[in-house]
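Next come two complexes, and both contain chain A; in the first it sits with chain B, in the second with chain C.
Up next, the complex of A and B:
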């Protein structure tokens, strides 16, 4: 009964979305306040209905109602509760329901918090948002209904892929979708602005918090996925340039560009058309990602069991959204009055350079991802484009960007002085040089590029700190005065500083993990010792252990360094009887400089020796990647907490001084 | 600076960037594209040992063989017309099974495919599209069987 109620709620949500997607738009056109005002209650009602629908499916999972096909196919009564719940979105149908719920959540958040938005803009934003929702509701109801019944109900479910029974992956889709779908708000704002024919600083201030929320979530979602792949797949890698990883990375690149170009619109009233363009591109890439993952057109580690009908439906949606929005952009875009002028060497110029490099990078990733599809379509044979391609194209594009990051924030708006900025960066240059030499000296036999990469990271980090010292005029004015300036730096600026510093840490981690990894695969018998990167790994044997819904072979490895005991690691090779599948659980010791990573495989063919195939990785600086990403995310959150960005706070007329939010919006 | 000039500067910068990206991409494509072949293709194409390719098909039933005291694993990949012996050193992915679709990447050396990578899938019912195509071409594709397993809405 509850399941049917969920199904019904979803159908009702379509009805509300249809109202929300038509009447307010017409109302805004005709200046009919009543019709425009409809957008708010319909948006809220729509969200409540989808939430009910989602709760109903969750209920079916929690109570293990196997008369629901989706539950029977993806759950099992013996599964731990957390994975019963995360099982809701660990399959195609349920994840689409999560997708539309987040879509409706963002829509209702704009409806509730956007009290200061001009009524026509608000009605149009919510109308466009509802139209996107309608597309996805129909997709779910026609091709991927999670409420389909299965009669007679099986006694137990088929279980969830053991690889997905993992805390990291339980949280990965919600964050990823908050990111993907969050960019729909920027898209809706862009379309609404095109319809209105007006983009100004206030518009940018309204869009920015939503873009930031989406960016923070997407960053976190990608990181969680990468972290999961690192410890769960047992390959010791953290990024594979897999089509599905690329599908999430392209919107991230475009979204990062959008975040920076909207600053220019906000502060300088320039780059308007470009910002609108980026908002459209970012969400289009999110949709493209959805298409690539769910249509099964590309070979990937993801791949939901695919169905051509779904692919065709999403492709249709993609064509309508991208085609429609770009047509609108082509018609209305030129009418957007270009704002103030600036020199190529200026803050705006630097941000534009960042944008161009980011979008070129996204285009390169897009090319590599879609090229196999394209070549196959024209009969050129089946190919795969792997990491070597992406590394060869992407890294040279990002290197100048990171080099320019440190300089850009030191340039003045409108007209910058490059010589002066460089003069302030001598400490960064010295630090970079010192790091290059130091790394070269320590890892003499390593690749030269690794030393240069570390230098680049140092350049960015010290450059970012240098920018901060310039801002507070450290040592140029008394220390007390510097501290006073420090305390008065707006949070949005702190956000930039923190995020850029985080980026430097990520770059260092990527360079280290990418260049100095040591891998060793061998058969080990109990008592045998293998030395990897200075650590001695002694295999003490393996035992059988029993988990809640699996049995496992657990190996014991004593690790020591120069005779001193470091730790003992227990990697497992689990076998899930319900799903009839094995799953490798790597054992990892994370230290500041490196991860020690041990995997136990199958027993040796000659079982009498008690030997096992083992794989040992020494992954240097991998923790820096996750730490750096967390720093970047916290930078985003700090920026989000800036009261000027407080959702709905800004008004179009900047009569009130900055920081003094109008009454009634302080919640 | 005039508006036109300003715009021109950025257009030129953008063009230079795009051109260099395109150049990078072309060079990278030249070296790094890996073609996908079926066992039949591999036999008819006579590949040189320095040409990296992907070989896809089914893992032949009963063909997986471990060697005592070493991490080398031998198995055969088939499109149900022709069969290629594969040698791989390392741990097989969790979802590697006899009778199921597989994609391996490596080089052909003296009639044996030396795989450096064996690709894993999340979903046991999932058939890589390339492998499905190969089986269709060799006329061995059982449509219903796959429908039953993979395509039914879950």
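Up next, the complex of A and C:
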């Protein structure tokens, strides 16, 4: 009964979305205030209905109602409660329901919090948002209905892939979707602006907080996914350039570019067409990701049940949404008047460089991801483009970007002074040089590029701090005056500083983990010791243990360094009888400089001595990657708390933006 | 900026969409073998220890249409497709050879005892070296080889009745003409 109510609520939500997607748009065109105002209650009602629908499916999972096909196929009565709940979105149908719920959540949030938006803009944004929703509702109802019944009901369910029974992965899709779907707001704002034919500083200010929310969520979502792959898949790696990973990385790159270009629109009234283009591209890449993952056009380690009928439907949706918005862009885009041309050596010039490198990066990832598809379509056979391509293309693109990041934030708007900026970066340059030499000295036989990479990270970190000291005129004015300036720095600026510093930490982690990883695969018998990167790993044997819904072989490894005991690790090789699949649980000791990572495999068949295949990895600085990402995310949150972005706060109207800010004054 | 630049994204997207449409119409699970229409690799394999027979080598593939089935006793899908292999052998339209992949003699003999031995000859590939030459990367795999000893068809994974009827039998009949 409750399940049918959920199904019905979903159908009702389509009706409300249809109203929200038509009348307010017509109202905005005819300047009919009543019709425009309809967008708010319909957006809220639509969200409540999808939430009911989602709650109904969750209820079916929690109560293990196996008469629902979706529950029977993806859940099991013996599963811990947290995975019964996360099971709702760990399958195609349920995850699409989560997708539309978040879409409606963002729509209703704009409806409720966007009180200061001009009525026509608001009606158009919500109208466009509703039309996207309609597309996805129809997709769910026609090709992926999670409420389908299964009669007679099986006695128990088929269970959830044990790899997915993990707390990190339980939270990965919700954050990822908050990111993907969050960019729909920027998209809707872009389409609304194209319809209105007007993009100005106020528009950029309205879009920015939504873009930030989406960016923060997507960043967290990607980090959670990569962290999960690191400790759960047991390969010791954290990024594999898999098509599905790329599908989340492309919108991240485009979204990061969008965050930066919208600043230029706000401060300098320039790059308008480009920003609109990026807003469309970012959400389009999110949609493209959904298409690639679910249609089965590309094979990936992420085994989402793919179905050609779904692929055809999503492709249709892509053509309507992306094709439609680019058509609108082609017609209305040229009418967007930008401010005057600007000089390459300026803050906006640096931001443009960032944008070009970011979008080129996104295009390269897109090309690498789709290359197998292109080749297959022209009859060139099946190939796969691996990490060598991506590393060869991506690292050279990102290196100048990171080098320029430290300089760009020191340049003034409109007309910067490169010599002056570089003069302020001598500390950063010195720090980078010192780090290069230090790394070279410590890891004498390591790759030279690793030392340079560490130098680059140091350059960015110290450069970011140097920018802060210049801003508060540290040592140029009395300390009290510096502190006063420090306390007056807007939160948005703090956000930039924190995020850039976090990026420096991420770069250091990537360079360290990428270049100095040591791995050792061998058969170990109890009592045997293997030395990896200076640590001695002694295998003490393995025992059988019983978990809630699995049995496991648990190995015991004593780890010591130069005779002193460090820790004992217990990796497991789990076997889930319901799902008939194994799952490795790596045991990891995270220290400041490195992760010690132990995996126990199958017993060795060739020896009768109780030997096991073991894999031991020494992953230097890998924790820095996730620590840095968390710092970046907190930078985004700090920026989000800036009062200028606080939705509902009265907007300060600036006088003519062009040329209003005197050169050399930064905000 | 020129008007053309604003049309560019649409044009690029439409080309992309076209590729997607083509991509959707193709089955990504079909992986063509580089060996199709190539002569079968040169190899000589001994019989399974303790089994009658002379083993299996490249020379056996000449003169008649052959089916080469890569199998092992430890492989569950092989057990599942075994009745279909038996049915194919009983039709007497092609010589059915077995390529026993990384198996223990006693295990495979017990397996053949309980399920029946439909194979004309079986070659024991204990270290998997010959299977590498055949481009095997997941068993079971089934090849159809023409009278001249050229590989004409390859199927990866468990055979199904439908696959046998609709693809393999027509190819064998065609090669027999």
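As a convention for this text, the second predicted complex is superposed on the first by the 644 of 667 C-alpha atoms of A that agree within 3 Å, B and C clash if a C-alpha of one lies under 4 Å from a C-alpha of the other, contacts with A are read in each partner's own complex, and residues count from 1 in each chain.
We take it that a contact is a pair of C-beta atoms (placed from the backbone, for glycine too) under 8 Å apart; a residue touches a chain by one contact, two chains touch by 3 or more.
Quick caveat, the model's predicted, so the values are computed rather than measured.
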Sticking to the clash and touch definitions up top, decide whether chain B and chain C on chain A clash or fit.
clash
Should A:629 be classified as contacting the first partner (chain B), the second (chain C), both, or neither?
neither
Once the shared chain is lined up, is A:9 touching chain B (first), chain C (second), both, or neither of them?
neither
Which partner, once the models are overlaid, touches more of chain A's residues, chain C or chain B?
B
Applying the touch criterion given at the start, work out whether A:374 contacts chain B, chain C, both or neither, answering first, second, both or neither.
second
First (chain B), second (chain C), both or neither touched by A:130
neither
Now for A:148: first (chain B), second (chain C), both, or neither, which partner does it touch?
first
Under the stated touch criterion, which partner chain does A:396 make contact with: chain B (first), chain C (second), both, or neither?
first
For chain B, which of the listed stretches 8-16, 26-34, 80-88 or 116-124 runs into chain C?
80-88
Would you tell me the residues on chain A in contact with chain B in one complex that are also in contact with chain C in the other?
296-299, 381-382
Listed in rising order, the residues of chain B that touch chain A in the complex are 1, 3, 6, 9-10, 13-14, 17-18, 21, 24-25, 27-29, 31-37, 54, 66-71, 89-95, 103, 105, 119-126, 128-130, 133, 150-154
Chain A touches which residues of chain C in the complex?
1, 3, 6-7, 9-10, 13-14, 16-17, 19-24, 26, 28-29, 31-32
What residues of chain A sit close enough to touch chain B in their complex?
69-70, 73-74, 91-93, 143-145, 148, 161, 163-164, 233-234, 296-299, 301-307, 338, 341-344, 352-353, 356-357, 360, 363-364, 367-368, 371, 381-386, 388-389, 392-393, 396-397, 521-523, 581-584, 599, 601-602, 604-606, 609, 611, 613, 615
Chain C-touching residues of chain A, taken from the complex the two chains share:
273, 277, 280-281, 284, 291, 295-299, 308, 311-312, 315, 318-319, 322-323, 326-327, 329-330, 333-334, 370, 373-374, 376-377, 381-382
